[in-house]
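Look at the two complexes coming up: chain A is in both, with chain B in one and chain C in the other.
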Partner chain A sequence: MSEYKTAIGIEVHCELKTNSKMFVDSINNYGGMANVNINEIDFALPGTLPSVNEYGIMLGLKAALALNCTINKKVIFDRKNYFYPDLPKGYQITQARNPIGVNGYIEIEIDGEKRKIGIHDIHIEEDTCKSTHAETKSYLDFNRNGVPLIEIVSEPDMKNEKEAMAYLEKLKEILLYTNVSDCKMEEGSMRCDVNVSVSKTEELGVRTETKNIGSISSVGRAIVAERNRQIQEIEQGNTIVEETRRFDEKQNRTILMRIKETGNDYRYFPEPDIPPYILEDKLINQVKESMEILPDRRREIYRNAGIQPINIEKIIANQEISNYLLDFSGNLVIASNLLLGEISAYLNKTGKKLAETTLSKEKFTHLVEKLDKKEINNQIFKEIVETIMETEEDLDKIVDAKKQDEIGEQELNKIIETIVLSNQESIEDYKQGKDRAVKYLMGQIMKETKGKANPVIANKLLMQKLNEQ
Partner chain B sequence: MNNYLDLSIKEIHELLVKKEITPLDLVEECYTRIEKNSDLNCFITLNKSEALEYAKKLSEEPVEEENLLWGIPIAIKDNISTKNIRTTCASKMLENYVPIFDATVIEKIKAKKMIIIGKTNMDEFAMGSTSRTSYFGAPKNPIDKTKITGGSSGGSAACVAGTLVPLALGTDTGGSIRQPASYTGIVGMKPTYGRISRYGLIAFASSLDQIGPMTRNVYENALLLNELVGKDPKDLTSRKCEIEDFTRLIGQDIKGMKIAIPNYFVSNIVSDEIIKKLNHVVEILKNNGAEIEYIDMKYLDQAVTLYQIIAMGEASSNLARFDGVKFGYRSQDSHSVEDMYANTRSTGFGNEVKRRIMVGSYLLSGENAKIYYDKALMIRNAMKEEFDKVFQNYDFIFGPTTTTVAYSLDENLDDPRKSFMDDVLVIPVNMAGLPGLNISMGENENHMPIGLHIIGNYLEEAKMYQIASFLEEKLK
Partner chain C sequence: MEKLTKEEVLHVAHLAKIKVEDCEIEKYQVELKQLLDDVDKIKEIEVENEELLVTPVEHETILRNDFNTRKVEFNELKKNVPVTNGNFVEVPVMVNE
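For the complex of A and B:
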């Protein structure tokens, strides 16, 4: 079976992060109560006309630039005509003939090997209504109608599910980092259709399209299932026909939805209600210059700063932390350890975002300096993290107070001596190599000092004491 | 019975200002005349109780002395969306459709305190040139009730020509204002494409449709146009222009104006009685210092073919929203969505509309879009350039508006192509997006009106009114 080559192309729809819809001035917000964010244009009442959301065009342009596309400076929209109840006008406004970006690529990395996956085009269009089907009736939610979308169409460049998943991860990352879309597959703001074909020759085989797959890992599984199905069909002497399928997560197989009729006839023609929109070079340059630093460039910066690969990926996975580190000029390794360690733990525990804490950029820089100069250690930081994150108190004062509060070394030594002497059993345990004895004794020390012992020093003194015994 | 409606708008306004009459007198007179002439079938829906109520209210308010259109009754073609007034497009599909919003032109008309009398009869979805495709029956020509009004703005033309209402709005996709204006002997302007917002105009062919004024004389036409124009953020194809008074050149001399008459417009497709009238006009123009030249222009003879491709292609898409799902007529006895679509559209639309949707869908299908639609757009551009060339040397292009006078209501019913040939002389203007104006040159021996077609350069409506008014005076 290994003599078959697989070719995979992916079409991704992403909702754009705009306030209003693409060709209507109603609010872009669906998911709540149905049919509240609509007006007469959403409803396609006779005589209504489209407007154009320029910010939507800007986001499309930004995505096209981030995906290394050639830009079509004359933005033209077309009508895609078909009948379906979720399509109020009877046509969708899209870009069929002159997509905003063409001939782009995404660089993926599999097992250390880099490869470019071609992007055929990226175009701007509008979403349809959401339909819900009950037993005998269907319901339409017009809130989703007209929501701005970009469709990113890849070349059939991917050879296996690993590459396909890497492509999608990378695409998602880029669109997230450029604030083009929030790419939530589970909420449908990013949707994937996957084209798969197999062939024994260099020529591409007949492809099928598996629609609306719910997650990136499911895309991987769907590809494997569909490839295996196609190979099995061919081996049994059957031919593959162009068809639309869906992926059944539970059965782990693709299921036929409909056979594609000879070339869907959407009767495309230029949308006469929207004159061409010209993207001036000045504007394109502005968008380029104001573009967020893309994830791969960030990886490079982190690598050069000496951050471990595993931490680099953790940072990239957390856009807030990554952005926080962007204009930080101190020790990036310490800063990233801090952010990924105690600060992340604190944020997870409290459910807060960094911006919701009192940790200013200055305070953070100061903190990293203190750690760098070993004025405080991670242990101390752990104890003062809440004060740092929740009050405006000066960092030096917090640290000083922490130190003042600590019981002096001599006094601490006495307390430790008393505790050790009155816990003979633990000494025996320790001598027999039982670690929990130390833990238990440390606990006793903290209890006795009401937590005012510096744990590092206490630990050091305790070990000395134990070894003396 | 009063006869205030026979007076000019200026005279009516003076009477209003002097408190000798009130808007209520005008509105009551309108409805008396409409009811007396109900056989003309000009209206699909009358706005009687609301109009009377509004007129009463206005009658108690101070007259806006600077606003000549204050309290003046107006009729609206039934493909323009009017809030709370049924808007049918003369189709069974919208027989019971009452809009929830006003077209931009309606907002403007209301702001000027004109009074909407009713919605006028027309060809179904403006598809036709005789108004006979109306689901509500054809309107009749007030000059001779056995004759067509022309179309598609037939009801608007007939109610102005019959002096039932002094002002009306029409729409013109391929001659639908100018041709019925010609057949009924009134003044009808299709302004430059983009002059007037199309928001609320129920689209037939978006790249050609334009709203325009239909009136009894040139001055009143310019007066009404003043209030209709302007860039509208709701219509991206509307144009931003300097504010101007379209009446400002009326009364000025026409000496030295250069007029081109394309030979195609006076070829053997035009009847002799019309050529004779045009020659008479040419004499008047020459005697008053205008220069006339007969020229050859490319592409004019292809305009109808281009129109059929572009208008029907766009219409097939524009009319897709009438699917029974959201508003309008829905066939009840259907067992699936596909059934419902098919039944709704086959019974909701009339034959001419269905024919055009089918042809339009075919023209845009698969490779046809390239073979027909794209090519038509290319020739359309070439035609625009041809007009541009002429306007480098001439102020106007003149010709007859129609090839014949209005024919009988029962004539040519079985030939759908005839309908397009009625508009052969006026369609090129829509293709180029230029302004076109019809005024009457007089009548034939059976008293049927003969129209003169004045084509101006882009945005030169004021100059067109200047020469039109001059001729109107001379032809009295």
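For the complex of A and C:
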């Protein structure tokens, strides 16, 4: 079976984070009560005309630039005609002839090897309304009708499911970091159609399209299932036909769908109700210059600062932390350890966001300095993290109070000596390599000092004492 | 080609969602062919070096501010809808697979 080469191309639809719809001036918000964010243009009542959302164009342009595309400066829309209840106009406004971006790429990395995956084009269009099917009736909610979308069409450059998943992860990351889309696959704001073909020669085989796959990992499984199906068909002497399929998660196989209309039947022609719009160079440069720093550039910055690769990926996965670090000018290694360690633990525990705590940029910078100068250690920080995150109290005062509270080293040593001498059994356990002896003794120390011992110092002194025995 | 095939006529009728009676098919086979011939004549015009004309309007599109929104209540809009069910528009089931 391995002599077959697989070619994979992916089409991704992403909803744009706008306030209003793409060609209708109703609100872009769905998921609540049906048919509330609509007006007569959504229903395509006679005489209604489209209007183009400026911010939708800007987000499309931004995405095209972030995906390294050449920009088509003349923005023209086309009608894609089909007759279906989810589209009252009878056509979808899209960009068939002149997509806003062409010839782009995304760089992916698999096992340390980098590869560019081509992007054929990215175009702006509108979503259809949401339909829910019952036995004999379908129910339509037009809140989704006209929601701005971009469709990103890759070249058939991916060779296996690993590359396809890496491509999607990367694409999602870029669109999230540029605030183009919230890319929630589970809510349908990012949807994937996958084209798969197999061939024994250099020429591409006949492809099938598997539509609307619900998650990136499902894309991986759908590709494997569809590749295996195609190879099996060919081995049995059958030919593959161009068709639309869907992925059944439970059965782990792709299933043939009935096809609505295809290719020429869409009768594309330029949308006469929307005159062309010219993107001036000045505007393109403005969008370029104001673009957020992209994830790969951030990885480079963190790598150069000496942050470990595993932590870099954790930072990239958390946009708030990533943005926080980007503005920070002190020791990035300590700062990232703090943010990913105790601060993340605190945020997870309380369900808060960084911005909802009292940790100001100044306080954070000061904190990192203190850790850098070893004025406090991680253990102490762990104990004062709540005070830091929840009060406006001065950091120096918090730290001083903590230190004053601690029992001095001499006094602590005496207490430890007494505890060790009165626990001979634990000393024996320790000598036999039983870890719990140390834990037990530490517990005794904390009990005796009512928690006022610095655990790091106490542990150090205890180990010294034990090894003297 | 003198006329369209029967299948071509039925395909066009399907795309247009028009019911065509058997006795009408032959008439359309001829009429649609005449239409296509007329289109072929238009195709003879050389346009390769001409820019695509999207609209005869010479002005650029005026873009709309993302925050200018307008809504119309469903109660008002549904007056034009044949069947509704609660807040939904109801249509015969759409089979897609």
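In the analysis below, the second predicted complex is superposed on the first by the 462 of 469 C-alpha atoms of A that agree within 3 Å, B and C clash if a C-alpha of one lies under 4 Å from a C-alpha of the other, contacts with A are read in each partner's own complex, and residues count from 1 in each chain.
Note that in this section a contact is a pair of C-beta atoms (placed from the backbone, for glycine too) under 8 Å apart; a residue touches a chain by one contact, two chains touch by 3 or more.
Since the structure is predicted, the reported quantities are computational estimates derived from the model, not experimental observations.
Of the two partner chains, chain C is the only one touched by A:I57; chain B is not.
Once the two complexes are laid over each other on the shared chain, residue contacts for A:P85 go to chain B and to chain C alike.
Look at A:I274: by the touch rule set out above, it reaches both chain B and chain C.
In the superposition on chain A, A:K137 makes contact with chain C only, not with chain B.
Of the two partner chains placed by superposition, only chain C is touched by A:T18; chain B is not. Legend: residue contacts after superposition of the two complexes on their common chain; A:N37 is shown touching chain C, with no touch to chain B. Once the two structures are superposed, chain B and chain C can be ranked by residues of chain A touched, with C on top.
In the superposition on chain A, the residues of chain A contacted by chain B and by chain C overlap at 40, 43, 45, 51-52, 83, 85, 140, 265, 267, 270, 272-275.
Across the complex, chain C is touched by residues 18-20, 25-27, 33-40, 43, 45, 51-57, 75-76, 83-86, 97, 131-142, 246, 255-258, 260-261, 265, 267, 270-278 of chain A.
Residues of chain A that touch chain B in their complex: 40, 43-52, 79, 81, 83, 85, 88-91, 140, 263, 265, 267-270, 272-275. Within the complex formed with chain A, the residues of chain B that make contact are 80-81, 87, 89, 94, 97, 99-101, 103, 198-203, 205-207, 233-237, 313-314, 316-317, 319-323, 325-327, 337, 341, 361, 364-366, 369, 373, 377. Residue ranges on chain C touching chain A, taken from their complex, read 15-17, 52-55, 57-72, 74, 77, 80-81, 85-97.
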